[in-house]
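Next up, some structures in structure tokens.
Same chain, two partners: subunit A is paired with subunit B first, then with subunit C.
After this line comes the complex of A and B, so read on.
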């Protein structure tokens, strides 16, 4: 049995893997990745080897394998759906579009200098609207006519939301418009690598039903795995598999 | 010796030297310097230009003049600002975007005339030829080090090469040696893109933690080595500078692509790293094309000389290495 850990900027995700996922856990990284790693190791036991990925990947000193999340996502995607050609990851602090060719990373792009196109955009705007992340997604799904939100900057988007609210626009349409804005940003980023179906959506953003609906509308049907935020941890665990090692 | 600043690879250092000044290439990439330019340049202007302006404002008294070209829009704007807000004289030469040799030749004559006025002396052929010998000697000296990078295995890092050639760019006419061997078997890559600033070592270090840069075509690194003066006098200089492999900003820039292709065939890199400064629009759109044209694994990096996204930069470079190794 192996332990795959993905130390992300917002959450640390881990899976115990033995031919299939035996156990999984997620905890907040809260800018204390070492503490998060220790908690994972205390909770998930019985493993022989560890593989690490994510921005805190080099903090696990006894890991047998350390890989970037880009490679980890590719391994994870191939396990879930071998024909995947594009992976879109919406994380808390960045987003990535990874192009695969027969399971191997061919090109990738990342957005990390701006909240637009990341989970942060949704978190900030949800807070401005006094909504929880869950209700944000549920509300967005109800909209048939999303408002157009032009601002890609999270600060300017808040101003735009205020203007729309002042015009008495429906809350679900504003929220769906925000999801569309985020997806348009990712589509623009992904144009550099030419997004091709089948597309796998992962990361915490893939838990938001509003984003999934916008993705399906703007980029075409996306595949969302059962536990999308664990794809990196799963991929890390898989890289300890002898086939992947070679 | 008084410094004369210059901003472009088409400004002949031999002529600046012949006028009696020490040519200092403005290649600053210091985030701290940028703030000093804020009253005059918007925050989304080219970080190199913002940094260079900050440097000039802080060291005005050391510069007798600044010479630039119209090759890059934002660099030209910087010279206009320098002209407006400081006492430093500026000389801007018109760099033809299209293949117009006669315009460039006239502009070099204009530069010589302005420098003669500035220095109060004459710039004659003897002085020019002496400076050709000095600077060509330096180029040959640094070419030897650049070659060490491309050997297989590579024997010199671009981090060290960057330190060495800063001497050339800052007008030091004494050759500076480096004897340490830095053998590497990491994946061999080309570096292309925006200028590399004097303070950009951190970026090169992150790249070379995972990859070995065996050749580059960047201002601030080895681009100056492509100037090869074979003739004598001003005509020899004009011809060599004009005929150098072109800047990506010139139109049509077919020769730029042909030159890079030739180097790929010759050096056989396993990938390319395209490094763009934020808001360096020309490189931004051209670089996407480069990746597709050359058919090599290509990594696009963007930075603004700050350290803020260093862990994300490292993730990209690390992932690119994994991608090449797969």
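After this line comes the complex of A and C, so read on.
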């Protein structure tokens, strides 16, 4: 049995894997990744080896294998759906579009310098609207006519939201417009690697129903795995698998 | 000395240096002066004098590399000594390798590049040169070459030049602007204009124009020194060609070896030495010869500084931050081709024709003054030959050529995986940049062994 850990900027995800996922857990990283790692190790036991990924991956000193999220997502995606050609990851700190060719990473692009196109964009705008992340997604799904929000910058988007609210626009349409803005940003990013179906959506952003709806509308039907935020941890665990090693 | 090639830290270098016999330290002197010209010093010496960034770098562990680093970092001292001992110190800005050839034809005249301190901010504490440059009017978004403005203002890194030549036209726009600000500080600048090439087949009048510009440089030097022997220029060209040939030999050995015999950082410093020999061309030639012998021995012994399975990549536009060159090797890549914008300084200057025309023709080959497609032609050939598995493009924010070219370079080389790194301010290499480079290495490795 192996332990795969994905230490992300917002959440630390882990899976115990033994040919299949035996157990999984997610906890907030909260700028204390070492504590998060210790909690994972206390809770998930019985493993022989550890593989790490995510921004905090180098903090696990006894890891047998350390890989970037790009490679981890590719391994995870192949386990879930071997035909996947594009992976879109919407994380808290960055977003990535990964192009696969027969399971091997061909190209990737990352947006890691700006909140636009990341989970942070949704978090900040949800806060501005006084909505929880869950209700944000639920509201967005109700919209039939998303408002157009041009600003990709989270600060400017907040200003735009205020203007739309002042015009008495429906909240669900504003929220859906925000989801569309995020997806358009990712689509522009992904154009560099040419997004091709089948597309797998993962990361915390894939838990948001509003984003999934926007993705389906703008990029075409996306596949969302059962536990999308665990794809990196699963991929890390899989990299210790002899088949993947070879 | 340890005979097993490897990369070592600044502290490890100090330990090795302590074990060196005195006779080796005494052997190497700049300006051939054994009284005050010794320069063999460990990088820690320069760390103490402000090159703080050296602490994070790893260096080649050969004596030849130690000698090279000691010499390169000693340049400031060397320039002040030159002035004290009656030599003329001539600043050559934005020209990239041709004006210094003319200057070296005059006795006791030392050319140097104030903009070579473009990388000083990456070795020194970041705010030492950049902050004064900002206060003097250089925009924060401008190219790191603005460090030259801070250096002229502080008068700390080189003595007041006896003459300053600066290029405009087909040179870096940002740097031309910076030079105007330097002129505003009261420095007299002799401007020369470089024409754009516009294609592989440029009009002959471009060469004539540039020849006239170089003859003007010669006249200025003649007036300064009262020396007038144009035939000396032909001799200098031969010396420069010897250097360029030797550097080409080193590069060929490094690029084609099964195991990389020299780190990319040292090789970049060697390439840039072609511009002016770090203000002592004779000593630099001797250092380059020594590096060549070291590399040759390593190749013959099948020894190197990187893993044999390091993935070969090309590097386009100098890295600015030397730490990036270390990083990509740590992540399992090796540099086997470069386009550092100084290609005209790497090729042979014609010896059978009139020297000023030869220099002009040589400069017209400059990659930077042509189109993007021309700039990456050599890289494309290497890709087609299967020598390169990936491309790293560094984008220097504010550098006028980067703004237009970086995207185009990526587009023209779209058939091979590439990654573009926006070089941040000194010490600004973030975990995000490291993450992208590491992921790029993993991606190439998967494709490499497919």
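Operating definition for what follows: the second predicted complex is superposed on the first by the 246 of 246 C-alpha atoms of A that agree within 3 Å, B and C clash if a C-alpha of one lies under 4 Å from a C-alpha of the other, contacts with A are read in each partner's own complex, and residues count from 1 in each chain.
Methods note: a residue touches a chain if its C-beta (ideal position, glycine included) is under 8 Å from a C-beta of that chain, and two chains touch if they have at least 3 such contacts.
Bear in mind that the values here come from a model prediction, so they are computed numbers and not experimental data.
K.L.:
Is the arrangement of subunit B and subunit C around the shared subunit A a clash or a fit after superposition?
P.N.:
clash
K.L.:
Give one of first, second, both or neither to describe whether A:28 is in contact with subunit B, with subunit C, with both, or with none.
P.N.:
Neither: A:28 stays clear of subunit B and subunit C.
K.L.:
Between subunit B and subunit C, whom does A:70 touch in the aligned arrangement: first, second, both, or neither?
P.N.:
Both partners, subunit B and subunit C.
K.L.:
Just to be sure I read the superposition right, which of the two partners does A:48 touch: subunit B = first, subunit C = second, or both, or neither?
P.N.:
neither
K.L.:
In the superposed arrangement, does A:145 touch subunit B (first), subunit C (second), both or neither?
P.N.:
Neither subunit B nor subunit C is touched by A:145.
K.L.:
With both complexes overlaid on chain A, does A:127 touch subunit B (first), subunit C (second), both or neither?
P.N.:
Neither partner.
K.L.:
Taking the contacts subunit A makes with subunit B in one complex and with subunit C in the other, which residues are shared?
P.N.:
Common to the two interfaces on subunit A: residues 55, 67-71, 94, 104-108, 110, 112-113.
K.L.:
Inside the complex, what are the residues of subunit A that reach subunit B?
P.N.:
55, 67-71, 94, 104-110, 112-113, 192
K.L.:
State the interface residues of subunit C toward subunit A in the complex, per the touch definition above.
P.N.:
For subunit C paired with subunit A, touching residues are 417, 422, 431-432, 435-436, 438-440, 442-443, 446-447, 450.
K.L.:
Taking the touch rule as given, give the residues of subunit B at its contact with subunit A in the complex, in rising order.
P.N.:
Subunit B reaches subunit A through residues 278, 288, 291, 297-298, 300, 302, 308-309, 311-312, 315-316, 318-319, 322-323, 326.
K.L.:
Name, in rising order, each residue of subunit A that touches subunit C in their complex.
P.N.:
Per the touch definition, subunit A meets subunit C at residues 55, 67-71, 94, 104-108, 110, 112-113.
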